[in-house]
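My questions all concern the structure below.
Chain naming follows the written order as A, B, C and D, and within any one chain the residues start at number 1.
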């Protein structure tokens, strides 16, 4: 029995890179999306296989077989999700039909300044002409532009969590934008399904360590967006850690308050800013965000704490890196681009315990 | 924003014991059920609290506050889910209004023979008059009786997995019902949220051990149902193991084949038996069930393997103990009892990775 | 076969509170210590039991049965380890024979200022007269005083890690002691074997969250020791997180450099300070500490990183909270107190994978 | 400071394949072995690197750098441990000096019948002339032959656990050797450090599944040894499962008792058989083996349980797959081969919690 029945009211979806973890998360969410039908899926290494040969748990959903990118026919497809590795997407998107809407989950179009891109990613931008068309897909901040855009560059998982907690208070001038310390912790799915020694169970279980200290590629994304609101170029401390869990990301951020501002003021700013946002929750004083409270869902939970050091405060945000941190936010953006209610297909409750 | 809007077409639900893990799983599923509205929740130890004080991840769902059992008013409630500890439910159900439908997740009404109950649970049955009304809630086998019943006794998690794999082949006379060895492995949520040393993280992580060897209370349930189809009283080996994972249950069963029967024959019997069942999947030869392929979903996945020992076969079944193994199956039964499409509210895909 | 043979050259050891996790870790290490013999073990809740009824994995070691505290006879005992809950040790130590050496693993004698103790622990100090005798057992910093003392107050696990990384660079005036942000991550054994909902497997696995934000009791310990070297009272940010792992603690600390000081300078200070320390390793530039690199061992591993924010640096330290963070350091101190080579009984390599 | 000082009384050790998990476990144990000095280590993929570039946690041990196999000079080396992948060892051992003792941890010399080897491993045996010299290294059963041998083929991890529990009772004629069902559960390190999708954290965590059902290569090893004692060729059911843990292996075996034999009889046979064995413990009735009770140690723990099915019993054995299941048993064998006390270097207590 097929979970989906295709009809004329449904968007026809193509997924480039459907065999990775962000790809399969798109599939998990889209097969239950009432306005979407997956019509095309690519995965070069698995071309020719039925999807449940790669991900048996999604069997029974009447999905198209996997094909190579070059075999894809885009006729009749409304939107392409690109869940490809960083550095490979620019060239592929460049060749897609000009009227095909694109939601990109890679980093390839996130940095507005192509020189910054080249500096952090080690090669020239392969589609500079397209970069100007790209909208940074932080839904709660670029809603109108996303709705009108052809190409959305979804934020990285860490920037999503960090920016949602920081942008409103930077915009309000409540913190010193030049003294932001972001200590982040992520589950292993953030590294994808690629075969890396550092992703092996025995290398990760029962332990924690930082990685990419002071040179993780999500830093310039965060700086780009904070800099816009701060009104000047900023440099942040961003220190991610790898955790023995599948999903989930916790961002603990240490900020210096502007004169006279308190942690309560920050909390109040966030409560007001997100009052009408379905997916963003600010927990009351005394309550603490935890990644398990958002597992499998598109929710973002943030808490604010006074620091013992006078003049400082602590922000803690939890997301599921595969949902709000990538595939869920991508679908949220797709909904906007096609004038579908923004929460459609994303209303699952968190899975706990 | 409330996730549910109560209206006259919706069932009014009461949950007794809403603060345990099967309770919160009922809530997770019911807040997204289009025909259900949670109207009443009890949890004696947490009475007076809002639900999100106990389970913050389900905040924002406009749920009633927790109350004590004796404070519950059943006027206008259509169905009560009992997610109470074993041994406490009989007395409580006995006092409920006679026209209130009851879906019980405890073991209190599962054993048809009250002497067997007394033997395994250490006390006389407190509601023997009601036992005759109870229907064993293994949905795929008692669908008609469940639909017509007032009191459904949902199977234990292990019996659900074991019986779904065994009953069709016992009924077909394809295996020796007196030589069934069930080696089961469960995640820790099967032990509930009670404070037990054996459920502490450090006692469970990075290890495995069997428990209740040869005297686990799920054995008589399995024997009751197999015995009915075998036509005589049977004794099974049932050996559960505690695993370092939250959810999921794998049942590996070793059976002796009847003369001339092959493992392929078993698989074929299961394929035919479950051809029209939405939640039950029989994987093809060469494919292997895994608990992570059903995580968070109501699906049951079963594989059949030839043994190297001539005349024997191996059955492997995976379920999520909190969904098909308890709260999901309970809702499936509720749907039947109220003539709602059986899969309503239970169509979530598995959460992997 | 007994693992230990008691003889006249061996210290006779008493352990108060042998049934907790720091207690069992003392036993694990001491049964292999060539100069120690466990002669007495208390555990009020398990009095009368053989030790392997509580911890089967240590069977075969010819250990004394567990007794109640009040049943203990201290004749002939050389040293008592107190592995009791915080707040209970002061009264017990007060009643011990005056010539019995005591290594305390609790927090009861760590804070030199009894007013600070009362403020953080919620009650007056019960043995103020003894506080003056207590030496803070951070081995690498108080070696001489520990060797001469009767009562050693072993540091908390977090302070051990944080102070070993910070004290040399504070002493050198290389960082601003008033702008120290300590983001810490710990395994669950740090919470002990007590039955707490927050220590249940299903509440911890597959997730992370901070706890005790801005009011964790290890903060005043850290401040006490840093303040001494800074020459003035300091306040630090200390934010611990609970991780899904048994053992291990990672402390990521963000510091502001004094004028002209670089991250390399900090590393050089630490390398020089710890050049002769067997258990303290400073990793070279480009290498990253991980908790799994110290699992089960008394080692401390620290790395130093330049921050992208000019004038800041990052320190990362990993320890095993049950070894160097408690029981291992306690034994290291005992060795000093009895003029035994300091590394005796503590030379196990880390257990990885 | 070097952990080892090489002197003339110490064995000079060579390790072929030192970069895998059994290799590093050899190193962990041997650096603390009082009679051993590691003189040579190969790892073709890492040749030229210092060992702590591959395994930082073993830094500070004054180990030789990694070299290629062909660069190894065997002059002065007393014994070679081969921790190489299956199928590669026969050719390498064939070329080693004839007077070099060899302890092989691979499967290459375990099967006495080279036709059986070819059937299960898919190629002809590359060193058939050497096979006759090889002794199966199940220490507790082949002690004398191991002591006298030049080439020891250490058993697989699963066979070690299964045979230690089964051989005495098969020898005693207490069970039916043709009705043995072995349900095994292993941690992920059993799969080694090779890059395989199935070993990725996100593919293993929070789940369990069987693998190699009815065709795992450890079956013929088990059958070879049981067959010898049974006096005829036997076929066993052997069904391994992959568990979300690093180390540890639990083998739950279901046996049919000979007429008149009880589970107590089995336990008594095992108690007597292993009364003088330092590493083998038979737990009393009512106690249950757990893998965490042997973690990091060379111990084997076995329990025996009566089955509810008349005439059947259950055996449960726990080992650490990397210690008694491979590298620990290998060192135990080396001790025998060089007339060193058998437990030397292997007396670590289990690491729990």
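Everything that follows uses one rule, which is that contacts are C-beta pairs under 8 Å (C-beta built on N, C-alpha and C of every residue); 3 or more make two chains touch, one makes a residue touch a chain.
Values in this document were obtained by computation on a predicted structure and should not be read as measured data.
Engineer: Relative to subunit C, which chain has the most distant C-alpha mean position?
Structural biologist: Between subunit C and the rest, the longest centre separation is with B.
Engineer: Tally the contacting C-beta pairs at the C-D interface and at the A-D interface, and name the larger one.
Structural biologist: The comparison resolves to C-D.
Engineer: Round to the nearest whole Å and give the separation of the Cα centres of subunit A and subunit C.
Structural biologist: Distance between chain centres, rounded to whole Å: 40 Å.
Engineer: So what's the Cα centroid distance for subunit C and subunit D, whole Å?
Structural biologist: 36
Engineer: Please work out the Cα centroid separation of subunit A and subunit D, and write it as a whole number of Å.
Structural biologist: Computed value for the inter-centroid distance: 45 Å.
Engineer: Which subunit B residues reach two or more other chains?
Structural biologist: In subunit B, 21, 187, 189, 193, 202-203, 205-206, 244-247, 290, 292, 295, 353 touch at least two other chains.
Engineer: Which stretch or stretches of subunit C touch subunit D in the complex?
Structural biologist: Answer in residue numbers: 1, 3, 21, 24, 28, 31-32, 55-61, 189, 205-206, 246-247, 278, 281, 283, 287, 290, 292-297, 299, 322, 347-353.
Engineer: Quick one: in the complex, what on subunit A touches subunit D?
Structural biologist: 21, 187-189, 193, 195-197, 199-206, 244-246
Engineer: Which positions of subunit B touch subunit D when the two form their complex?
Structural biologist: 178-179, 181, 183, 185, 187, 202-203, 205-211, 213-215, 219, 235-239, 241, 243-248, 250, 252, 254, 288-292, 295, 305-310, 312, 314, 316, 318, 353
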